[in-house]
Amino acid sequence: MTLLTTAPADLAPALVPPPATRTLTLGKAVNTALRDAMAADPKVLVMGEDVGRLGGVFRITDGLYEEFGPERVMDTPLAESGIVGTAIGLALRGYRPVVEIQFDGFVFPGYDQIVTQLAKMHARSLGKVRVPVVIRIPYGGGIGAVEHHSESPEALFAHVAGLKVVSPSDAQDAYWMLRQAIEGDDPVIYFEPKRRYYEQGDLDTTRPTRPLHGARVLRQGTDATLLGYGPTVKTCLAAARVAEEEDGRSLEVIDLRSVSPLDFASVAASVRRTRRLVVVHEAPVFFGAGAEIAARVTEHCFHHLEAPVLRVGGYHAPYPPSRLEEDYLPGLDRVLHAVDHVMSF
Amino acid sequence: MESADREKSPGSTREAAAPVQLLTPDGRRVEHPEYSIDVSPEELRGLYRDMVLARRVDAEGVTLQRQGELALWPSLLGQEAAQVGSARAVLDGDHVFPSYRDHGVALCRGVDPLALLAMFRGVSNGGWDPEDHGFHLYTLVIGSQTLHATGYAMGMAKDGAHGAAVVYFGDGATSQGDVSEAFNFAAVYDAPVVFFCQNNQWAISEPTEKQSRVPLYRRADGFGLPGVRVDGNDVLACLAVTRAAMQRARCGQGPTLVEAFTYRMGAHTTSDDPTRYRDSAEVAHWAAKDPIARLRTHLLDTAHADQAFLDEVDHTADQAGQRLRALVRSMPAPDPHAIFDHVYADGHSLVDEERAQFARYEASFAETGGN
Amino acid sequence: MTLLTTAPADLAPALVPPPATRTLTLGKAVNTALRDAMAADPKVLVMGEDVGRLGGVFRITDGLYEEFGPERVMDTPLAESGIVGTAIGLALRGYRPVVEIQFDGFVFPGYDQIVTQLAKMHARSLGKVRVPVVIRIPYGGGIGAVEHHSESPEALFAHVAGLKVVSPSDAQDAYWMLRQAIEGDDPVIYFEPKRRYYEQGDLDTTRPTRPLHGARVLRQGTDATLLGYGPTVKTCLAAARVAEEEDGRSLEVIDLRSVSPLDFASVAASVRRTRRLVVVHEAPVFFGAGAEIAARVTEHCFHHLEAPVLRVGGYHAPYPPSRLEEDYLPGLDRVLHAVDHVMSF
Amino acid sequence: MESADREKSPGSTREAAAPVQLLTPDGRRVEHPEYSIDVSPEELRGLYRDMVLARRVDAEGVTLQRQGELALWPSLLGQEAAQVGSARAVLDGDHVFPSYRDHGVALCRGVDPLALLAMFRGVSNGGWDPEDHGFHLYTLVIGSQTLHATGYAMGMAKDGAHGAAVVYFGDGATSQGDVSEAFNFAAVYDAPVVFFCQNNQWAISEPTEKQSRVPLYRRADGFGLPGVRVDGNDVLACLAVTRAAMQRARCGQGPTLVEAFTYRMGAHTTSDDPTRYRDSAEVAHWAAKDPIARLRTHLLDTAHADQAFLDEVDHTADQAGQRLRALVRSMPAPDPHAIFDHVYADGHSLVDEERAQFARYEASFAETGGN
């Protein structure tokens, strides 16, 4: 965790693109991060259902089996508890397993191993044992999928001490955040915004851009702050553009990047400037990340706030059949609606 | 690499028994010491009709997906005999717990195929009433329905009912802890449940030997229930073996694991590309064991059916397929407010609040004409 | 769901004790509720580990096996997923299983069945299927137990649509809330405050006191509202007394009772009066129930609040070994400290 | 009801094989066709010493709990042979994954018993370094350690190490999905792991027949690994069978399930009251099979040890017990700030913040003198 996580502090959007960049999709950036991590450290393993010859149902592990062989790219039996539990054992033996959960809704058979074992083993051993397991979960909706394939369960992990929870929103972060997660010694739940897998972005693999757990101001503004992570960052940026064009509003946009820990200092600094905050995530609002952010921001910025922190997210209902998902997901209009509301206070 | 051979690979500690077979791949009727069956020509024709219809409806699913009408379709191609044979062993008063590929079972139980297509169109997550046809909702979380079936069967026993539950799941599913727990609960409580495993050789891209070191029907040994492997492409054998297992269950003789040794002829789902992980030779090998062709040959050889019958069956199936296609295409989009329906049976104040919010939000667009 | 849940609206603390009351412990009230529910409806089953002859490790099912026999009081194999999964099947067959999870920390092997099956089956069937399973979980700390025996995972259930989450704080509620949960047609996670099992209280079994999901004002006050549920209600009441005696403060105390749904109207009404709120729960604060309550109260009572909603609860750390639990738990002093803080705004 | 008889109850579909035995309950040495063992008198005396020490330390745990020094103690009484016999088959380079009752194994591995007592005192949740003694932390969530052991063993195989993992769990644990998944992963990957199940007949109040319809060693059949039942009160048989299984694993011959058929002589833990659910006759029956008495008789009968030796062992164990008692009583309370230690290896800003808050909060009392 030395080299990668001691990266320079948040640089805000780089003005000049760094030299050795290439353009690729977010999914390909994850793939590249896995390949580079495996090449850099022979202890890094990839395991999960269909990650071998198939390259995973999203092809995120494409080519790794051919390059590193079945000892390092392991097609496992269809059993998430078994996958996470054996990954823990492998980590105890000095490996760095990167587990792929096929879809968000299928992590739950492995939840017990994650929550009672993976999260607590370091503390249980008073620091003697390290369990550097990374669990990659393609998450979120918007791809027209069937039940259990579109969920956003990040709050169910963030509440659990011992886990770190992150989600990248573009190719550069997808690459570096995964590299940093793998290099770190803590268990990390790495949520991949599956509907952004095909978004193109620039990647500079020469050095990490920012620390794994720092938020990132993507756009500066003065009227209100929009905060998203993973798939909703793009929505927030779009909303900020529309709000500027149509209503002349100046919205700041933050990509939270890390749900646990929260880079609360950055969020609070922004809110102290803009005095208004709207949090946008796909997960249900009730007991979601927005609740924690709202409570914390209000506690620490009480006298700076002109309006309550508003939350835009999923409803308290099972993720609906896909023909209804556009109505369920926090899209552009719902975000703009919340902006109107937050400005009306 | 041939699948039948895989079962004898060095990774397997034990040989698999020959599967129960009553109809050879070339359509000959053979006897089995333990499983005999008496089927009338009419029943045989019925089984044939079921299988053809299942295949036709399934093909419609694939086509509709290709045309963008469905989000996804998991094809049953190749598994018609396993599904129809076992489903025809189910009686009124029994209860079926399917997985997500069991369209043939659904049809035999009388479930409207439109409900299945609606599900894969993204219009509902199920929605039929399991009690109408003794056919539970599809379950997508691999293996979890095995416990529901076991609990349901425990309830049947408590009721003193003369019925049994049967649960469908795949070869991959056997690796899930839930499935082992279901075997164990069923054994401990002697529940009237039949575990019907369609071993179609693949769990997406993973062949069976990545799931298990032993032939799957042997899994039962470890839990104290009988396990039997049946030729899953032989509709008669599937019927006979499932019928015997269901009868055992109904008579208080406890659970059975049936492994139907079959083959997934198509892709895992329409999203899958099997050329990445399996040989066309393997597919060709299994094509020669086609379950429908087998029964067709038998029907013709024994003169239990003639070409006219076959044509009529094809025609009927085709009409059903076309009717479905039209219905799917004209299926109305669901009402967005349905998001808030049926979250709870007795209501929940937050759902009410969000429903009202949503209505106001929708109405605001109507007013301003915006979107 | 007819008789019991259409109880009269919240009555606030009854001034005269009702006629047919008796005094018993909270644990015994749960036991009595189970017995009465089983006697009233032959479809009610009790299942779990050691619930039979032993009567459960807390003796909550004491005597039921002897009275109702092994067909209705089922010692199950040691497998929480199996217990919940077969309970779902039994419910589909028309039974009303009441599942006992032995300790809070052991619910996780059953989490997948709860979250992906139990919670969603009613919606999945478009209302055709009802799955009235009640899951009883003795929860919380303060009893000097070993690891996994003192946790408060309610937020991990409240975030999931399709589940209801409640927790009683006294004998009367313990009895009636369980009766109502069993009579209702929704899955209910019923959290029993295990360190309050031995607290005595009055029970009137003639009729339910209030609806299952209504909060209850236990003490009226004007300076600030203290909100707790389950084990922290007693702490809040004690704090209110001390604050009155020592600092002359008038604190309102609310027993939330239901975590999902939240009786937000009652909470908001109180906060609009007192203008200050402190939420107290044992669960970790981060992503806990306090976050949701704070976010929601702030959104809806923004201009009424004199101070941010403050939260007192567990830290973002695994529940500590028991010799440290008094430092971890939100005790009287920490609540009073938060009251001082909320009054200082 | 006698436990051995229970295995032949109508609920069991199959008879159990006679457990491997090398030392009869009356101390006679017998041979077994598959498991022979050559133990020197010195080794025998060592095993005796280990068992006596384990029992003494265990008794200390019970006593200290009664005196309020510990929050809880799960007694191993009756399981000394199973634990010591198997533990003495573990070599350097092997790795043990215990459950929570395996104090005898811990002692054999050289773990300081004070660490165990500290855990049940509520001072830590473990805290020893598993690498020091090849002995992982105790695991309380039933069965989950079987997967850790399997993964660890998979890692050993990847390393090309000549070692094996061994994991301890109870009869009740076999019902957990995790344990089945572990059997399956171990079989599929041919992992060098030994599953050592101490069937002490009870999972708290539930007898084994509530967990399984078949003798537990048969569970292995369903997953394709060898399963063997050993007399768990016979330290030599436990040693021989575990040694053979570990050796198989180390040599790349894969996993084994060993079921040590033994008995929990005491309560489940000090919180439990077994009179509520089991007969004293059953306990008396098993007392006659006491593992320590058996080896003592053998040592005396063969003159491999004399009374002076026995006395010295008792004395040494007693001293160790008394030393422990004193150490436990004087064990300092942990520092409250330890709540925030080791939550993460690389730190977490919220933990830092809460630690600082906590320190300020604590300091505020120091200032005001309040509490």
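Annotations for the structure displayed:
Order as written gives the chain letters A, B, C and D; numbering starts at 1 within each chain.
Everything below uses one rule, namely that contacts are C-beta pairs under 8 Å (C-beta built on N, C-alpha and C of every residue); 3 or more make two chains touch, one makes a residue touch a chain.
Just so you know, these numbers come straight off a predicted model, no measurement behind them.
Distance from chain C peaks, on a Cα-centroid basis, for B. If you compare A-B with A-D, the chain pair joined by more contacting C-beta pairs is A-D.
Rounded to a whole number, the gap between the C-alpha centres of chain A and chain B is 36 angstrom.
Each chain gets one centre point, the mean of its Cα atoms, and the points for chain A and chain C are 32 Å apart. Spacing of chain A relative to chain D, judged by their CA centroids, is 41 angstrom. Centres computed as Cα averages put chain B at a distance of 44 Å from chain D. Along chain A, residues 76-77, 79, 81-82, 105, 108-109, 112, 116, 120, 123-124, 147-148, 161-162, 260, 286, 315-318 each make contact with two or more other chains.
Chain B has residues 124-125, 141, 175-178, 181, 184, 188, 210-212, 343, 348, 350-351 in contact with two or more other chains. Chain C makes touch with chain A in their complex at residues 81, 105, 108-109, 111-112, 115-116, 119-120, 123-124, 147-148, 155-156, 158-159, 161-162, 260, 283-284, 286-292, 294-296, 298-300, 302, 307-311, 315-318, 345. Remark: chain C residues 49-50, 52-55, 57, 75-79, 81-82, 105-106, 108-109, 144-148, 286, 315-318, 320-325, 327-328, 333-334, 337 touch chain D in the complex. Against chain A, in their complex, chain B makes its touches with residues 71-72, 119-125, 140-142, 172-173, 175-178, 203-206, 210-212, 271-272, 276-277, 333-334, 336, 338-340, 343, 348, 350-351, 354, 358, 361, 364-365, 370-371.
Per the touch definition, chain B reaches chain D in the complex via residues 11-14, 175-178, 180-181, 184, 187-188, 190, 209-214, 218-225. Across the interface of their complex, chain A is touched by residues 124-131, 136-137, 139, 141, 144, 146-156, 158-159, 165, 177-178, 181-182, 184-185, 188, 341-346, 348-351 of chain D.
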